[in-house]
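Structures follow.
Both complexes shown next keep chain A, but they swap its partner, so chain B is in the first and chain C is in the second.
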Partner chain A sequence: MKARILDRADVLKIVDLLRQQGYEVMAPFCGRGRDTYFDVVTEQNRDQVQTHFANPYYPPKRYVLPHIEPMLKVTRANGNVRIEPIYEEPKRAIFGIRSCDVAGIYHLDLFYLGGSFRDTYYDKRRKNLFLVNMVCTDPDRDVGDECFCVCADTGPAARDRFDLQLMDLGDEFMAVAGTPAGESLLADPVFRRGTEAHVEKRRAILDEVRKRFKTSTSWFSATVRYVSHGEVLEKTWEEIGNRCIECGGCTYVCPACTCFTVSDRQTGPDEVERVRIWDSCALGGFTRMAGGHNPRKAVHDRRNRRFFRKLAHYFIQRELSMACVGCGRCVDVCHGNIGMPSVVEMIRRATAEFENHEHVSR
Partner chain B sequence: MAHTLSTCTFCGVGCGLYLETEGNRVAGVYPSFSHPANRGRICARGWHVHEVASSPDRLKSPLLRRNGQFHEVSWDEAFGFVAARLNQIRDRHGPDSIAFLNSPRCANEESYLLQKFARAVIGTNNVDHGAGVYCNNSVEILLDMLGVPATTNSIEELAHSEVILVDVIDLARRLPTVAGAVIRAKLNGARLIVVGTRSHRVAELADFYLRIKPNTESLLYGAMAKVIEDRGLMNLPFIKSRCSDYQPFLAQLRSYDLVQAAEGCGVSSELIEAAALAYAGARSAAVLYSSSMGEKSEQNIRALINLVLLTGNLGKQGAGIFALAEQNNLQGVCDVGVLPDRLPGYARVSSVGPRAAVERVWGSKIPVTPGLSARSILTDRGEGKVKALWLSRYDPVTTAFLPGIEDSLRELDLVVVQHLFMTDTAQYAHVVLPTTAFGEEQVSFTSTERRIQLAEKAIDPPAGLTPGWQQLTKLAGMMGICWKYRSAAEVMQEIGEVVPFYSGASYENLAHDYGRQWPCTKDTPLGTRFLYADHQGGTRFKFVPVQPGEWFVAPKNLPLMLVFGHSLYYWNQNVLIRHSETLKREYRSLFLDYPDGFAEISIEDAKQFQIRDGEKIRLYAATGSAVSTARVTPEVMQGTIYVPYFASDVQQQILGERGFSSKAVPVRVEKETA
Partner chain C sequence: MSTSAVEKIDLTGANISATENAYLPKVAILDRVVPEITDVKTFYWRFEDAAEQQAFRRFRPGQFAQVSLFGVGEFPTSLPASPTEDETFFTVRRVGSCTAALHKMKPGDKFAVRGPYGNGFPMEDYYGKSLVFVAGGIGLIPLRSCIVYALKHRDKYNHIQIFLGAKTPQELMYVPNLREWEQSAGVECYLSVDRSDGVWAGNVGVVGSLFKKPGVQVQVEDTVAFVCGPPVMFRFVIKDLLTMGFQERNIVSTLERYMKCGIGKCGHCCIGVAYVCVDGPVFTYEQIKKLGEDI
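And then the complex of A and B:
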């Protein structure tokens, strides 16, 4: 991949370049306290764009899969019924998307575009989406207490799946192109060639940042093994379920969660609008069937389902991508402390202990 | 796209959340990470606020009923009609023939102006809020025993509680963020005592689960107090320096016997003793109960507060009593005076000095006779005295369980309904005035932890719609009283002049940080985290002796206790929930599964009486019988049957047409084969 260097003071010029090319640029801004969010860059707020910031809580997946998305409109007139799709094909760039979230978008690409059915709505939103990945280099400002991208192998610097990657080297930033679109941006005179020294600097900074994750590891592989082989005790799922208050937060904030439902709403006497809305397997009604039967009625059966989808080998193999990117949002959003790291630990401990005592043979 | 920090308006926690808007559409929602009450977490309802807020079936213009049909009319015509009719009815029947009820979800400003309109424009104290249908017990008792009618500490302090006692409330369903705080406290080593007949998520984690028979809380708490007193574990320094009436309380305590109480409650004496010792042994312990529940009797609340006083669990971090408001502004509507016998700030309407002070600010007299309660107004129009009723965002036909509501509404000469949607109650209105929804107006709400917070305007309302407080201002003007409020902030300014503990809560102050917990005065502009920290004020807390009473022994032929449950299924009925596909599925598919209603029965009893889920059953009481459908669930305790409040037909058939009971009723159950 082509890499270039630019001065620290010129980093936001990339935002300007993208805007000049007609992109609606979403960039990180500071809210109150720790709150940060992506918002549209305008003339007025351009100078408040952040380069080191706590990862915005609201996941950027909503730019390809909106929280609520109008899909089509049905109108009736003169005995005729007309159905019109409502498509949006924005030309949008996300400046400052984190490496974990880049992996999340990639995972969603595999789900919505990688199978035999291509989701048209997703496709149109994804088509012109330009991702400028910001590598996490500041252990205090960029890395959160609950981040574990090194365990999910998605960060702190994404290896690919971005259009452009920016990394703070101190007085300078390194820009790496991941796609032809990204590369074309590097032609701008604000960029210059780098040296071996820059590459060394990058390596050193990443080594340093990785140390920050020591206290928040999530030992996936043993848990993947237990889950995939169906060895997790029912009791463990029940313990996890006892702490779940069924808010749905974990699935809503997860960059790699894909579920949705569809709702028809009457918008006028002769008009109905269909919208797509995020849905959650955490909720009891998610698997409720017409007629009332619900195969996953009990809360621990739903927790079980979530962690199977995230950790069972079958799913990881199917997409060649794990449905957990290590962003840590599920830890922050959970009322009962059963985010991914807690669950992984609970499963690992309980199952290992049981097997040590029972000498389970397979 | 814009991100507006706001406050969720479902339950009493008042979680901080952001509304994301795209143009004039609410397109998304997510929690605020730094908000002190929820710290990045919200519940399923909050996650769908954007779906409710963008619901297209809003009422867009005022409706007037003519010849049995609703017609869209202009705002001028609607207001003109209301003003004329109110004047007519008042001239003919007097000011007390008009009543005003609001929902505990109404904002502070519109609630304040509603009671001001009633008192200063019409001349009546007939104001009350929807939860007052059950009782304003909690307000009265807290004022009597503690002096301040509100939760004493803050939600985030639960992290510092060594022991948490949860009285009868399903926290995970009613105030999920508080459930989370309790669960996390428990995971961090706090010990959890859960009291109640129904089991629920938080109860599953209890260290001491006191699964008592219905309505025996006061017996249990009395027995616990007795254990604490016997072992000398009471906080004598606290009691001696800050409480009164300890001796009468002690004297009454002698009539409690641990073994008898165990029998009466249906819980072992060892467990009661262990829970009492755990509670008394904590450096700071918190007690949580629901102030919105109908079946919470006076005695039960008093007994709980006695326990808090006995152990000195006030005025320090991690302690306190949480009078949980299940609706987002139950605390606020009471604070600003939507009570028939109290003014804004809680002074009685019959008081002299405080009433005069409010009269001075208002420039008008306030009637001295307390008004009618919501229950009285809705069940029989105050025995026929009420001729006109104003309902602000309130839908009693759906959410109140009293008998006779539809009849009462039909008999009234004037029914004015302010709401977002055409509710079941609005069907009985003469005039329907659409109002602005969450996200369309800047107003304030007061959460259960006394936090006065702003809910911001993120989008414009549908054309022509104005906030409730503005509509009342306009109407007052049409009736000859000129109010000059140009913004909700100005209404709040006046609230600050009239309610001493709101005096520092200007919008400017509230916009910093995350609102302010009252008392928020000029001297304490940053608000107050927990109450009673100092005893300079000379407040004396008061013990109130509670008799053990005769606990009920069910007759042999009616061995089960039927509980008419109240708050648990509130959201299942609430109109907002119907406007989100997901929430509708989560809350209302229960009605699809049991289209004729249901009565909940325990697994053990179902087995014993050979009743399967979904089967028709007949419930026989001494006063009548009713048919319902069985819903078999492990949440219900063996020996009890739980009938949700909206099954008013079951209630009427068992208790009679005007029957209402907050006590359990002995019944027997049989399969209905007919």
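And then the complex of A and C:
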């Protein structure tokens, strides 16, 4: 992959370049305290764009799958019904998307564009989306307490699926092109050729930052095996379920969760709009049918569902990607401490203990 | 300009329709409504666009459609018609807001339909075999399509037996069809009701009680059993069939789930490793057992 070097002071010129090319650029900004968020870059706020920041809780997946997305407009006139699709095809760039979220969007690509049907709405939003990945290099500001991308193998530096990747080397930034579109940006005079020393520096920084992750292991492989083989005890699922307060937070902040519901809303006397809205398998009504029958009545059945969907080998193979990218958001928002790493750990401990015991007593 | 990683994903041949918007329903017109039983009516309809109608009619028995009632929502429903029949219709029980809105509609009213979706029953794979249909209550709705299809292709199948159960004689559905099947030489049709109304001369008892009646010889050898009905009925009938010697893979059923998209995206119908909408709704009992959730 082609790499170039640019001065630290010039890094926001990439934002300018993209804006000149007609992109609406979304970039990270800091609010009060830990609060960070992606917003549209304007003339006024351009200088406040951050390069080191705590990853926003609201995942950038909303740029391909908005939390409320209009799908159709239905109008009635003189006994006729007209159904028109509502499409949005913005030319948009996300500046500063974290490596875990790049993996999240790639997972959504495989899910929404693969399978038996291609999702038109996703396709249209995704087609012109340009991703400028920012590598997490600052252990204090970039790496959160709950980040575990090193276990999920998605970070701290994404290996691919971005258009352009930026990495802070101190006085300079390194820019790596991941697609032809990203490479074409490197023609700008702001970039210059790097040296072997730059590559060496990159390696040294990444080696160091990898050691600074606090959640260093989450035992994925053992847990994936136990979940896939159906070896997890019902008791363990119940323990996990008992901690769930069914707020749905984990699914809303997850960059790889895909579920949605569809709802009609009246927009005029003879006009209805159909929208899709993020939905959560944690919520009781998720599987409840019109007659009232709910095949997933117990809380732990629903918790089981979310982790089964993310950890079962079958689904990992179905999408050739895992629906957990190690961003740690679910850990941050969960009131019951059943974010992905602790669930993986609970399953691994309980199942291994049981299996060992069975083995001995036999 | 191609900018993203999307282009790199090779999906050639994977997508059924890569260009069409699968969420876009097409306008349909209600032709007539026939009441079946309490809260259940049959709605005869057709697409406004004749070409859509032609394309839709190539569905397989056991597939389903998504019905849109604007301003209320969308719901999945079985296709009780057989592709060999001329008319398209739904038989729907009034249970929630969408079905209530459909029940209020009058001939000439417009709604919208998209589909057909799902795998359907592999009726061609069953050529040469005997077919046993066991339905309880409105479980007959999805099986009606298979029965009509099988009778239309009568020479392709060996024995055909139909066992139907209803709560009362008044709760028997598709009565003109039942009379026809009862009188047809090529098919054995047995009816049972849970409670007699005093006039009913037929069998009284659960549908499974028909299996043990004198003169009834349920086909087991090289036979496929279609089972559809309420969960309690399903459990007991499966037990009976397994006792009779049916293999789990030769018992087929169709599952219903809350669905929003019908095309494997919204996630609501996912049980175990299967999306009911694209991997089903038709599953063998062998598969259903492995899914690990209530029927």
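As a working rule, the second predicted complex is superposed on the first by the 356 of 362 C-alpha atoms of A that agree within 3 Å, B and C clash if a C-alpha of one lies under 4 Å from a C-alpha of the other, contacts with A are read in each partner's own complex, and residues count from 1 in each chain.
Everything that follows uses one rule, which is that a residue touches a chain if its C-beta (ideal position, glycine included) is under 8 Å from a C-beta of that chain, and two chains touch if they have at least 3 such contacts.
Computed from a prediction, not measured in an experiment: that's the story for all the values here.
K.L.:
Quick one: on chain A, after the overlay, do chain B and chain C clash, or do they fit? Just give me the call.
P.N.:
Superposition check on chain A shows chain B and chain C fit without a clash.
K.L.:
Tell me which partner A:D279 touches in the superposition: chain B (first), chain C (second), both or neither.
P.N.:
both
K.L.:
Would you check which partner chain A:R288 touches, where first means chain B only, second means chain C only, and both and neither mean what they say?
P.N.:
It touches chain B and chain C both.
K.L.:
Figure out whether A:M71 sits in contact with chain B (first) or chain C (second), or with both, or with neither.
P.N.:
After superposition on chain A, A:M71 lies in contact with chain C alone.
K.L.:
So in the superposed three-chain picture, is A:R243 touching just chain B, just chain C, both, or none of them (first/second/both/neither)?
P.N.:
first
K.L.:
Contact-wise, after the overlay, does A:V40 reach chain B, chain C, both or neither (first, second, both, neither)?
P.N.:
The first partner, chain B, only.
K.L.:
Considering only touches as defined above, state whether A:T261 meets chain B (first), chain C (second), both or neither.
P.N.:
Both: A:T261 reaches chain B and chain C.
K.L.:
Figure out whether A:T120 sits in contact with chain B (first) or chain C (second), or with both, or with neither.
P.N.:
second
K.L.:
Tell me which partner touches more residues of chain A in the superposed arrangement, chain B or chain C.
P.N.:
The larger set of chain A residues in touch belongs to C.
K.L.:
From the overlay on chain A, compute the angle at chain A's CA centre subtended by chain B and chain C, rounding to the nearest 10 degrees.
P.N.:
Between the chain B and chain C centres, as viewed from chain A, the angle is 80 degrees.
K.L.:
Per the contact definition in the header, classify A:R161: touching chain B only (first), chain C only (second), both, or neither.
P.N.:
In the superposition, A:R161 touches chain C alone.
K.L.:
Taking the superposition as given, tell me the minimum C-alpha spacing from chain B to chain C, whole angstrom.
P.N.:
When the complexes share the chain A frame, the smallest chain B-chain C C-alpha distance is 7 Å.
K.L.:
Return the residues of chain A at which the contacts from chain B and from chain C coincide.
P.N.:
Touching chain B and chain C on chain A: residues 261-263, 266, 279, 288.
K.L.:
Over in the complex, which chain A residues touch chain C? Could you list them?
P.N.:
71-72, 74, 76, 79-81, 83, 85, 106, 109-121, 123, 126-131, 160-163, 178-181, 230, 258-264, 266, 272, 274, 276, 279, 281, 286-291, 293, 295-296, 301, 305, 308-309, 312, 314-315
K.L.:
State the interface residues of chain A toward chain B in the complex, per the touch definition above.
P.N.:
26, 31-35, 37, 39-40, 54, 57-58, 62, 66-68, 242-249, 252-253, 261-263, 265-268, 273, 277, 279-280, 283-285, 288, 292, 299, 332-337
K.L.:
Would you pull the chain C residues touching chain A in the complex into a rising list?
P.N.:
Checking each residue of chain C against chain A gives 1-6, 9, 11, 14-18, 20-27, 68, 70-75, 95-99, 110, 112, 231, 256-258, 260-261, 263-268, 270-273, 278, 292-295.
K.L.:
Can you list the chain B residues touching chain A in their complex?
P.N.:
Checking each residue of chain B against chain A gives 1-3, 5, 18, 20, 27-35, 40-44, 46-48, 50-51, 54-57, 172, 176-177, 179-181, 183-184, 187, 201, 204-205, 513-514, 581-582, 585-586, 589, 592-593.
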